[in-house]
Amino acid sequence: MRLLKNREALLVVATGVLLALVAMRFPAFVAPANLARVYNDTSILIILALGQMAVILTRCIDLSMAANLALCGMAAAMVNTAFPGLPIPLVILAAMTLGASLGMVNGTLVWKLDIPPIVVTLGTLTIYRGLIFVLTDGKWINAHEMSDAFKALPRLELAGAPVLSWLSLAIIALMFVVMSRTPLGRAFYAVGGNPHAAIYTGIDVGRTRFFAYCLSGALAGLSGYLWVSRYAVAYVDIAAGFELDIIAACVIGGISIAGGIGSVTGAVLGALFLGVIKNALPVINISPFAQMAISGTVIIIAVAVNARAERRKGRVILRKAEAV
Amino acid sequence: MLQDTTTSRIKPAIALEGISKSFPGVRALSDVSLALYPGSVTALVGENGAGKSTLVKILTGIYQPDAGVIRIAETETTFPTALAAARAGVTAIHQETVLFDELSVAENIFLGHAPRNRFGLIDWTKLNADAAALLQRAGADLDPTIRLRDLGIARKHLVAIARALSVDARVVIMDEPTAALSHKEIHELYALIERLKADGKAILFISHKFDEIFRIADRYTVFRDGAMVGEGLIADVSQDDLVRMMVGRAVDSVYPKKAVEIGEPVLTVSGYRHPTEFDDINFELRRGEILGFYGLIGAGRSEFMQSLIGVTRPSAGAIRLDGEVLVIRSPAEAIRAGIVYVPEERGRQGAIIGMPIFQNVTLPSLSHTSRSGFLRLANEFALAREYTSRLDLRAASLDQDVGTLSGGNQQKVVIAKWLATRPKVIILDEPTKGIDIGSKAAVHAFMSELAAQGLSVIMVSSEIPEIMGMSDRVIVMREGRIVGRFERPVLTAETLVRAAAGIEAPSEGRAA
Amino acid sequence: ENKKIALVVKALGIGFFEAANKGAQEAAKELGDVEVIYTGPTSTTAEGQIEVINSLIAQKVDAIAVSANDTDALVPALKKAMDRGIKVISWDSGVAKEGRMMHLNPSSNALIGNMIIKLAADHLPEGGDVAVLSASATATNQNTWIAEMKKVQDNYKGINVVTTVYGDDLADKSYRETQGLIQSYPNLKAIIAPTSVGIVAAAQAVTDAGKIGEINVTGLGLPSEMAGHVKSGASKSFAIWNPIDLGYSATMIAYNLINGAEAKPGAELKMGRMGTVKLDENNEGAMADPFVYDASNVEEFAKIF
Amino acid sequence: MADAQLSPRNIPDRLQGRGARLMKSWEALLLVVATAIFLGNSLASPYFLDPWNLSDATFNFTEKAMIAFAMALVIISGEIDLSVASIIALASTAMGYAVQLGFDTPALVAIGLGVGLLCGAANGLLITGLGLPSIVVTIGTMSLFRGLAFIVLGDQAFTGYPASFSWFGQGYVWWVFSFEFTLFVLLAVIYGVLLHKTNFGRTVYAIGNNQTAALFSGVRVGRVKFMLFLMTGLMAGLASICLTSRLGSTRPSIALGWELEIVTMVVLGGVSILGGSGTIPGVVLAALIMGMVTFGFGLLNVPGIVMSIFIGLLLISVIALPILWQRARRRFAQ
C-alpha cells in the first residue's frame, strides 16, 4: 500500500503493465535482447531528461535543449568532416563544451538579467536552430561524409550492449551522485523548493540556476554528438520538437514543473515509459498515427496523478487528526 | 547569571557601529550601534517595523548595510552572503521559518554545510547522526529522515533552532523564537539558552513577550523607528520603562475603544467543523460588537475565519445572518451577503502588488462602480478616494502601484478595499500586524467607529494588548477548538494566555 | 530586362534540391537573360511554402517552378500567382491540376513504380517479404509511385509487399521506422525506400541491426549519399534520375512558357539539351528514365551529385 | 475624538498625464521598432510599398494574431495554452470530415468553432476543475488533439471544401482588405475593449497579479480562467476556419509549431509571461512587427529560419534592453 503511493513505484508498475500488455500480443517484445534494444533507443531521451530535470528542479525550464542538441550535433559533424583524424573523445568534448556554453548563455540571461526562463529559452530556441542554418546554409552532412570512427562509437558493442547504452547508464550514475551527494545537486532542490529560504541558507539562487543550465547544455551537447552519429546524418531540423518529449518525460517522471520536487529515478522512468510506448506501438500494430494521441493522454494522466500525490494534506491543527 | 558583562574588561563577540539601511521609501535602520558579549543574552525590543529583523538580516549577510561597520573580535569584516556570516560564527533563528518543505529534517539542518566524506561527497550517515544529536540538543524528539512538510509549525521551528546550532557559532541570534512554540517547548528553549550562555556564546534575543525577556535576558537594547533609543542592564529597568522607550508615549492612548451599545445577534455560527483544522465552533456576534479571537499562532483561527467566507469548506455547520440561514461557497457570495474578511497574510491574500491603489480598492466592488460590465473610472476613483482618505492613507497618487507603499499603508489599502463593499460583518485577521504605531491607531480608531455605526467586527489578533484594548468579548482558541470565552469586565492577560496555552495552574512568569 | 524564375523547393539544404539548383543555374547561364531565385521554406511544410510563394508574387517574378510539400494546400496561393500573370509549373512533387499550368515528372510514374519493385526483385530470385519506407504520408510523388508499384506487383512472383511505413523524410524517424520493420517482420528480405532521405536511414538501420546480406535496401537515392552503403553491401543497387537535369528542364520549361509557349494536353515543350516533353491529358510530362546505380558505377557518379 | 486624527489629505488621482504615460510605455518602444522595420523594408525592397503586396503580407500574421489576442488574456492571468495549434488541426480535421459527409459552409463554420470551444473546455476543466498546472496540461492536450487529427486522417488529406467556404481565407471585404485582416482589426478592438474597459478584463489582471488575493476579493477565479481557455479554444477554431479556407485542404500537420510563434508574439507585445501585465495594443504591434519582418525578409528571399533568428533576438533584446537601461541609469544616478 505504501509502495503504491510512491510515484516512482507507480511508474514502474505502469511500465510493467504496459510491457505485459504488449507481450500478450507480441511476446518477442519482452525478450531481454529486445528490451535492451528499447533501452538503447531511449538512451538519448534519458540523458536529455536528466539535464532538463536539473533545470526544472530550480523552477526554470529549458525549451532550447533540442535546438542546442541539433547545433552541437551539427558542429560535431562539421568538426569531424573538417578533421577526420581528430580522436572522437575530443569531438565529444568539443560538442559538450559548445553545449555547455550555449547553456551558459541561457543561464546568464536568467541569472544576470532576470528574464523569465521560458522567454529566454523560447528566444534561444529559435536562435540556436537558426544558427545551424547560417552555419551550413541548410546543407546536410550525410553518412558518407562522416568518418567511420565517428559513426561507430555509439554502436560499438561492449559486454553485450552498445556504448550508447553504457554511456546513458554512466550519466544516470553520475547524476545520481551529483543530485544526492553534492552540494550543487542539493542546491538545485533548495533553489526550486523555496528560493527565498535558499538565500537565507547562503545559496546563490541565480548562480545555481546558471549551473543547472550549464549542466543541461552540456548533456544536450553530448546528446547532439550521439544523435548525429547514431542516425549518421546532421541537418537543421534534427530533433525538432523533441524539447516537448523531454519535458513530457520529466512530467511523467513526477518532476514538478513548480520546482523542488523530482528525482533521477523519476526522470529515467519517465523517459523509459515514453520509450516503451514509442517502440511498442509499431510492434503491436497500433497505427503509428495513434501514437501522438496516446502519449498526450499519458501525459495528462501522469500530471493528474502527480498532482493528487502532491496535493497538500493541509496543516493538521486538531490533535485528534494528528493522531490518525 | 554573569554579573559583570558590562564592564569594559570583556570584549564584545561582535559589534555593530553606525549601521544604516534603507529600502525604497523606508529608512529601516539609521545609525544604530550594538555590541553582543560572550556568555550574555541581549534582548532587542521594539515595535513592529522598528527594524529588528532588518538588523538580524544584516548580521547574517542577507542584507548589506548602506553604511556602518561590523567588527568581530575587533577586526572589521563584511558578510557578503549568508554563508560568510555562518563561517564567521554568526547564526540565527529567523522570524519566518526559512526552510525547505520537500527536504528531510536532517538536510534542512545541514543544507549548505553538510558533512562530506573523503571524496568530497555528502556523507548522509554522518549527516543524519549529527542531525539527530542536534535535534536532541534543541529539545526535539524527531526522526531526522522525515520530510519537513509533514511537521507542524512548532516542530518546524525546532528544526530551525537545530539548524542554528549546527554551525559552531560564537553569536546566536533568535528572532521571536517562541512565537510559535508551546509551553513545554518554550521551557526547553530557555534551558538551551542557559547552556549556550554557559558555553560562552553571545546571544541576541528578540521578543515581544516581556515575561520571557525579564526571565532570560541580561541586557536590553530598544529600537524605535529604526534608531537605538536606549540600552542597559535588564536589572536596572522595569517593564514600564521599556514600553515607554519603545513607544515613546503612554500605552493607553493606543486603543481608542468607544463605548457602543451592543445590539441583537447578527451572525450566528453553530457546529462548524472541519476534518483536520477546527472542530465544534459555536458563537454569536452582535450588532456594534467587537469580538476578539485570541490564540497562539497556528491555533486555527485564520483557517476557521476563511471557512466563513467560503475559502475553506467546513465539513459541517451552519451560519445565520440576521436570522436567515446562509450557505456561502465562495468569497464572492460572502461579499454579496455582507460578510467580508480582511486576511492575515497581506502580501499573499490581501494586497495585489502590481496594481494601482484605486484598482485594489475597487476590486470587490466593481459591480457597484461599473455600468453593465464596463468600467467607470470616475466612480472608481471616487470610491477609492473616499475610503483611503478615511483611513489616512499616505500615497503620492491613487494610481500608484500598491507595491511601492510602506507595509502599513498597504494594510490600509487592504482594509479600505473590504470596507468599500459596505459590509454588515467584517472579520479582521491580525489587522495591525507589521504596521507602525500611527497607522495602528488609525486602524483601531476606524474599527471603533465602524462598531459605533452598527457594524459587527471580529478581530483575530495574537497581540494581548490589542485584544484587551479593543474587544467587547474575547474567544480563545487552541488547537482548532474554542477553549475559553471572556467578557470584557473579567479580561486579564493572564487568563487569556493560560487558556491559549492550555495551562491549568498559574504560570510562574510575569504577565504582560 | 532579365526574366525572374523562382525555383521553389520542399526545403532548403536537401542535397537533391541543391543539385537541381545547379541545373537551374546552368540553364540560366545558357539562356543569358534569366535570373534564377532558388528558395523554399526551411522545413517541409505547406504553410512555409505558401509564405515563400506570397513573397515571390509580391516580387513580381515571371515564373514559379515548385516542388510541392502538399498537393492541395498550395493551390490557392499558386492560383493567385497565375491570376497576377505569373507562369506556374510544378516539378518533382506535383501540385493539383488547377494550381499549375503543367507538371514535370522526373520520369514516368509507371516506370518508377516498376523500377523500384524490380530493383528489389532482381536480388530475390526466391521471392520474399518486402516493405516500403516512404517519406511523409502527404508526399504526392511517393504516393503515386507506390500506387504504380502495387499495380505491377503481381508481375513479380513471390514478392510479397507487407506494409508501408512513413519516415517523414526525417533521418531519425526513418531509422526508427526501419527498426520497427526489422522487428515486426523477421522474414523481411528487402526494404524499398523511394526517398533519398529514407533510403540512407534504412541502410544505416540495417547495418546497425547486423542484417547486411539478409535485408537489401533499395529505392531512390543519391549516389554521393549511397556510395558507402553500396560498398558495405547494405544496398545492392538503387535508382535515381539526374536532379541536375531536372532543375535544368524545369527552368527551361518555365522560360519557354514566359516566352509564349502554351501548356495544354498534347503540347510538346522544349527543354534545351534535354529534348522535349510531351504533355498528357493532365498536362503532365516525364523527363527521362531513371538510371540504376550499383557497385560498378556508383563511385563515379558520387563525385557529381 | 479619533476623527481629529483622520485629517483627510488630498491624494491626487494620477500624477502623470495620459501622454507622459504613453511615452514611457512598452507600446511606444514597439511603435519605434515597428516604424523602423517599416522604413527599413521600404528602403530595402521596391516591392514593399504596394497595397496589394502589403495586403498579401497580412496573411503572414492574421491567423496567429487572432489566437494571440486570446492567448494574451490567458498569459496575463498567469496561465498558458500550448495546445492552440493542435486545436487548429483538430478543428480543421472535423470540418474536413464534415465536408465528406456533405455539410455546407454554415455547418462547417459551426463545427470549426464548436470543436474549438470543446477543446478549450477540455483544457479549462483540467486546469480549473482539477487544479493542474496549465503548462503541462496543454503540453498533454497538444499531443492529444493533434494525435486525434492523425488518427482520423492518417496519411490522408481532406479536400473538396465548398467554393463558398474559400471566402474566409481568400475573400476580400473591400479593395485590398481581406476578410482575415478585417477580422483581425475587429478582434483587436473587441479584445482591447474586453481587457481594458470591462470588469472582466480587470479581474484578469487581478488574477494574474495575485490569484489568492483576487479570490479573497470575491473574484470567481476558476470561472474566469475557464472562460479564458474557452475563448482561446474559440479563437483557435476561428483561426482554423481561416487557415483551412486559405489552404483549401486539411492535413493533420497543419499549423505545426504555431504555439511557440503565438507565445512569442504575445511576449514580444509586452505581456509578462509571469502574468499580471500587458496590453492588446502591444500585441497588435507585435503581430505587425512579426508580419513585416517575415514579409520584408521574404521579399529579399531570406530563408525563414534566418527571420526566426531575428525574431528570437528581438524577443530577448526587447525584454533585456529596458532592464539594462534601468541598471545603467541607476548606476549613473549613484
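Letters A, B, C and D mark the chains as written, and numbering starts fresh at 1 in each.
Keep in mind that, in the parts below, a residue touches a chain if its C-beta (ideal position, glycine included) is under 8 Å from a C-beta of that chain, and two chains touch if they have at least 3 such contacts.
By chain, UniProt protein names: A = Putative L-rhamnose ABC transporter, transmembrane component 2; B = Putative L-rhamnose ABC transporter, ATP-binding component; D = Autoinducer 2 import system permease protein LsrD.
In this text the structure is predicted, and so the values were computed from the model without any measurement.
J.: Quick check: more C-beta contact pairs at C-D or at B-D?
T.: B-D
J.: So how far apart, in whole Å, are chain C and chain D when each is placed at the average of its C-alpha atoms?
T.: 38
J.: Between chain B and chain D, tell me the centre distance in angstrom, where each centre is the average of that chain's C-alpha atoms.
T.: The computed centroid separation for chain B versus chain D comes out at 44 Å.
J.: Just give me the whole-number Å value for how far the CA centre of chain A lies from that of chain D.
T.: So the centroids are 30 Å from each other.
J.: Report the inter-chain centroid distance for chain B and chain C in whole angstrom, where each centroid is the mean of the CA atoms.
T.: Measuring from centre to centre gives 75 Å for this pair.
J.: At which residue positions does chain D touch at least two other chains?
T.: Within chain D, the residues that touch at least two other chains are 154-155, 303, 305.
J.: Two or more other chains touching the same residue: where does that happen in chain A?
T.: Touching at least two other chains: 133, 138, 236.
J.: Touching pairs of chains, all of them, please.
T.: Those chain pairs satisfying the definition are A-B, A-C, A-D, B-D, C-D.
J.: Considering only the defined contacts, which chain B positions touch chain A in the complex?
T.: Per the touch definition, chain B meets chain A at residues 60-62, 81-86, 94, 98-103, 107, 111-112, 114, 120-122, 124, 149, 152-153, 275-279, 298-300, 303, 479-481.
J.: Could you list, by residue number, the parts of chain C that touch chain A in their complex?
T.: Chain C reaches chain A through residues 11-15, 18, 42-43, 165-166, 170-172, 175-177, 179-180, 183-184, 197, 200-201, 204, 208, 224-229, 302.
J.: Under the touch definition given earlier, write down the residues of chain A that touch chain C in their complex.
T.: Going by the criterion above, the answer is residues 28, 34, 37, 41, 133, 136-140, 142-144, 155, 227, 230-233, 235-240, 278-279, 282-283, 285, 288.
J.: Mind pulling up the chain D residues that touch chain B in the complex?
T.: 2-3, 5-15, 197-203, 205-206, 209-210, 212-220, 276-277
J.: Show which residues of chain C lie in contact with chain D when the two form their complex.
T.: Result: residues 12, 37, 39-42, 45-48, 50-52, 54-55, 57-60, 70-73, 75-76, 80, 96, 136-138, 143, 166 of chain C touch chain D.
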